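Take a look at these structures.
Common to both upcoming complexes is chain A, partnered first by chain B, then by chain C.
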Partner chain A sequence: MTVRTDLRADATAALVASRSLPPGGGWIMPARADALRRLRAMGVPQKRDEYWRFTDPGSLVAPLPLPAEPMAPEDGEAFEGLEALRVVFTDGVFDPAASDDLALAGVEIDRLAAVAEADGHWAQDLFGVLEREGQMPVPRPLAALNTAFAPDGILIRVTGDPGRPIHIVQRHVAAASDAMLHHVVRVEPGARLTLLTSGPAAARLNKVIEVDVAEGGVFHHVRMQGRDHGRRAATHLFARVAARADFRSFTLTFNGALTRNEAIVTLAGDEARAHVAGASVGDGEFHHDDTVFVTHAAEACESRQVFKKVLRHGAVGVFQGKILVRPGAQKTDGYQLSQALLLDERSQFLAKPELEIYADDVKCSHGSTAGALDPDALFYLRSRGVTEAEAKNLLTLAFLREALDEIADERLAEDLSRRLEAWLRRRS
Partner chain B sequence: MLEIKNLHVELEEEGKPILRGLDLRVEAGRVHAIMGPNGSGKSTLSYVLAGREGYAVTEGSVTLDGRDLLALEPEERAAAGLFLAFQYPVEIPGVGNMTFLRTALNAQRKARGEEEISSADFLRLVRDRARALNIDAEMLKRSVNVGFSGGEKKRNEILQMAVLQPRMCVLDETDSGLDVDAMRLVADGVNALRDEGRAFLVITHYQRLLDHIVPDVVHILADGRIVRSGGPELAREVETNGYADILAGAA
Partner chain C sequence: MAALDTIDSLDVREGVDEATVATVASLGSYKYGWNTEIETDFAPMGLDEEIVRLISRKNGEPAWMTEWRLAAFARWQRMEHPDWAMLKIPPIDFQQQYYYARPKSMETRPKSLDEVDPKLLETYKKLGIPLREQEILAGVEGAGRKVAVDAVFDSVSVGTTFREELARAGVIFCSISEAIREHPELVRKYLGSVVPPSDNFYATLNSAVFSDGSFVYVPPGVRCPMELSTYFRINAENTGQFERTLIIADKGSYVSYLEGCTAPKRDTAQLHAAVVEIVAEEDAEVKYSTVQNWYPGDAEGRGGILNFVTKRADCRGDRSKVMWTQVETGSAITWKYPSCILRGDDSQGEFYSIAITNNRQQADTGTKMIHLGKRTRSRIVSKGISAGEAQNTYRGLVSMHPKAAGSRNYTQCDSLLIGDRCGAHTVPYIEVRNTSSKVEHEATTSKVNEDQLFYCRSRGMTEEEAVALVVNGFCREVLQVLPMEFMVEAQSLVAISLEGSVG
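Presenting the complex of A and B:
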């Protein structure tokens, strides 16, 4: 006789029991119920799962979040001074007083919670759909959990060029807040949108963004996560990129006890382009995991993954990146780079780069390195009078530069670069 | 200005002695050349002066204007007026040449208790010095030494020297990898900086650079020591007879 103990089933049951489905009607309830079925079938992730080998999901799937002290933003709010439509969530709850009117030329904007009771909505073709498609070949239970239970989020449909970005500001105020947000973006043919997101959001955040970029559409996403030290986050970005469309996502991460950012991107139409990049910096209690899965499903598409991490005082960086080239996806141009700068011997970088190619006329490359600052460069700078601390900061910023270069908008790149510099200065 | 007394230096890791009792005194306003065969300790001398790690001074002293140079960090030596033009200038991807120059200049000014230079004055200064060295705006925009040819790297070293205005300039094999035209540009750049308050130590294997930067004194370094000193004619003697004869004569 065997005693059957199923830790995964128990953990899943405990998590589901701690939640209740948000109110909603016609179009959304089937999607939520579907997602819940998916979640139950997959079960929540466990430490022994191959996909979670380097990151312990325990605190992300526990019924209650671990508390995290919110920090005052010393450098002011991200993207300050930039003309943008601001949508503010505090601890995951929409804050109408702090938000702008959800009106922008060439864009339909709704709150998920506000349209959940409606009979139908354009988002029903996407909500939970890209997430579901992204569950193959690797299960992503935390995303299914989100589709089932996220009470709110923003639904954005772009038909033109709004001329200014939408900025989702995620404030963290309560020490034990547990936020779940689900955003859906549809960029219609030839339309364009820049979406900014910033802030720690909550002590624990589970976020899903589903993005569908139609033919010739342009979607640029720039995200800043931070700076609260104790915060934890699991985010999923699902994207489907149609022919000749341009998708870019850049994430800058400061601090955080645990961050798992997954990007699941499918190049679905010929000559589409997807760039996913990130820079993260951590000092001490910091665990940052970038998990990226890019699928080339059409011809002559280009994808780039560029991830850089600066780690010190025992910080841990993880990169799992995959390029899957489907049969027929000829003339694929795939590139993947993950690098960590280890500022001391206690910090570590765990990387798993993968290529899986089923077409014969493709160009794919990947590289992964971990190393210290170049002592020759350091000496050269110091020999010109630059102090050791400043020389290290200059070289650290230089290391991150290649990732920051992936941001299309120079003003945004400069804003983030200044914040990085300030972060480094505070520590030198 | 620069005074080196009985300097003994070993490679830290191997414990291998490189300099064995080197004495040298360079006065303000003078150009001294150090020549020597490969392995005589020329580059070690330049690195020890600039404060590179990996060398152990086991005996002797180095002072700059009476200050104990060896007790200073590399950046403090720079602020005190020392400059080393590297034999192999380092490429630093991601650090712009202008940012680098400006950071260095302001760091030195700050260390000396001076005000930071204004953006306008800085730009004027760099443009002016760059023009003389035939360095264009494109080169200034690029990352430090990245994608530079050998000649461009050496000109960039001299540009840094011209912008930072050090009092004691050490040039380590600045002629290596240069064609005749590039050498003339570099030499003109150096000669333009010669003045009463500044001294140069030109380290070279070949005499040809010294046709363009004419030294006041020439020293022959062999086996970690100065074995002969003389006027510019000593450099020509090396060119004509080679090191072997001179070393045989010195022994």
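Presenting the complex of A and C:
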């Protein structure tokens, strides 16, 4: 045991020594110092940690990133042609020339780096706060690392209905880039926002989004990750959902050497709703980990998790999902589905779908399956004159569709569906 | 429920059958909580090398066995207590236990059951386990089916019934201490080959200090002519029971094995750390059924058995099959994962479990199905029921190795919650490393169905009877696969275990 503790302490010290606290006095300083203390106390994740049993965190905590060659998007950037306010980060650095003017009716938008020196800011009550609360009962050291060192990000406060989404575009240009971004979103009572994020961001990305949805608020998040083959990412999405509020998050992932997406959602007010979903397709060197932790802390809330993975040529898909129902969170409706389609002998699906329930008037279920394409369905399509490759693609798309259906906005769902189709065609 | 203590004086209405009266009467409380006043020899309290040697000496073991134990003990001293289960385990002082307790009358080994202290025989009779063969034959119970019993009392085996009849079929059924003396070649070949002494904290402890247990060898092609069973009774205070069971089913053989356990009510927790190893060779089939009814502690969580058990079957041969069935109602803490290593091609593993926790009981139980051979199949059906302030966790692993092509798993784990202060948890691990295998896992958690309860109540059932009936229905899939001997007992146990959980 001592040996392992030392390894963790050494790795933590090496990582901390390789960074310096970003500039910023004012309100942000104590939050960053606190996060650094948290990180030191927890230590960086190690391969033998239970929470990392399926994913090796080594390359995410090393002082330097492994290089990754940037790739030009094959079908243009995601959500192109969609009317949205674009905020562009290139290798984690804000790109004012490529970004739109940060002004939108019903929304206040600031850059973290721009207001960090200020005396006070509305984000003060949230920055690092949801992350800190999300450290229990499972520590998430990479998120604390982010709070301490992320130099920039976007702070969004929504008071009305802006009518169009905010789109954070993350471009990857330099092969050895190491990006850290920290976004904070506050949706005021009754307000609504759709947040889009897209792009591989950097050779290595560590991203945290903290989202606070107030009573009756609506927050929809649609993310497209990829598609650089070599990139590595660890992202955390912390959400607090108040009474009757609606939270949705969907992620589509193409490739990437390593992706760890954590979603930590707390249903804090009665009748709140949270849907977290994802579809990922991996080919070759691809390790994709969805780790979801949903806490029901109020009555009559609904949560759904739907994750689908298509894996081939040695790709690895991981799902760790948990529904925690706290004492008194009666009338809970919790659902969780994780499925993998393994298209060849070398691919792997590793899952740990958990339920932890301390209230009796609940309806919770989870299902998890792994297997190959249904030979009967394949035969049926072939007998109708569909080529084998096309039949496989059709069935694969149908398999992923259930996850895409979790996206509330049909236009976005269609856009992603088209990309999936094109990706499958190119690779068959 | 206090009124039920005076059940003898109750007027029984006409038309109510005796079985119902008996079931209701037994609802009172833990009915095996009495203890047998008997002179007992203890080894000195605590654990060191000398105690390990002493146990080995008492069992008249050869040197290789003593060395085996000492190596396990040396390893155990370097190990840390496991903390990964969802259990609040009270600190256990391993030096405040007796590791060997033997009724004085067993000092010279009785040659037959006729020589066994009548007090001991009486104990088993009271538990409903008659050890005299003529009594079993005379009784109508089991409709003439014979069950051979190995009765273990604290640290020693009291006797094994029907040995001669079994020997005629070539089946060896005796205590493990006897097997070490009489059949060293078999024991040496198989002991520790499924659960190695280094396996885990409690298996290692068991390897060092196990005192007795059962040994079964079924030769090739033999279908064991009767069910075999072990009945474990902890009687002495502050005494841990560490039994070791080894079952070997040779090629093409079949055996069904039953295990029962009880202990007296005591205010202090008692330790039980057992190891069960099963080896199934080609085409062999083993059924292992347990009704675990150790003393669960009182309503405030005082006393009870701390039950840490390692059970594992190695389906070595092609087309071999092992089925675990367990009804876990007792123990303050249950930590138990009967597993199957599906090594042979086309081998099969099954796990059926009912785990009921009430009051302050905690259970963290489930199974592991390790698919190594081609076209191996496994099925897991787990029913967890949680009441009072109890915590009940299903923990399981289904692993499909790259070479286990064409394999199949189906898992269903359902949890039922009764009352708002208990917890029900599911922690499955699923690892699929090939594409031709299919794994399906489903889990649900819900409360007792109000409509069903209302229906039963409207038919004149008390609330407790209604809950017992609904819960029995919830467990049906598992109850159905239990051997007949256990089915009736298990159904009434379900009712008993939930006593006091409603109203």
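Criterion: the second predicted complex is superposed on the first by the 423 of 428 C-alpha atoms of A that agree within 3 Å, B and C clash if a C-alpha of one lies under 4 Å from a C-alpha of the other, contacts with A are read in each partner's own complex, and residues count from 1 in each chain.
Methods note: a residue touches a chain if its C-beta (ideal position, glycine included) is under 8 Å from a C-beta of that chain, and two chains touch if they have at least 3 such contacts.
Keep in mind that what you see is a predicted model, and the values were worked out from it rather than measured.
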Partner chain in contact with A:A176 - chain B first, chain C second, else both or neither: neither
Chain B versus chain C as contact partner of A:L395, first or second or both or neither: first
Which of chain B and chain C A:A114 touches, first, second, both or neither: neither
Touching partner for A:A422 - first (chain B), second (chain C), both, neither: neither
Touched partner set for A:F349, first chain B, second chain C, both or neither: second
Broader residue contact with chain A after superposition on the shared chain, chain B or chain C: C
Which of chain B and chain C A:A41 touches, first, second, both or neither: neither
For the chain A and chain B complex, residues of the former touching the latter: 374-377, 379-388, 390-391, 394-395, 397-402
Residue ranges of chain B touching chain A (in the complex, touch as defined): 50-53, 73-75, 77-79, 83-84, 86, 89-90, 92-95, 99-100, 103-105, 107-108, 111, 143, 160, 164
Footprint of chain C on chain A - complex, ascending: 1, 50, 327-328, 330, 340, 342-372
List of chain C residues in touch with chain A within their complex: 80, 84, 86, 400, 402, 405, 415, 417-447
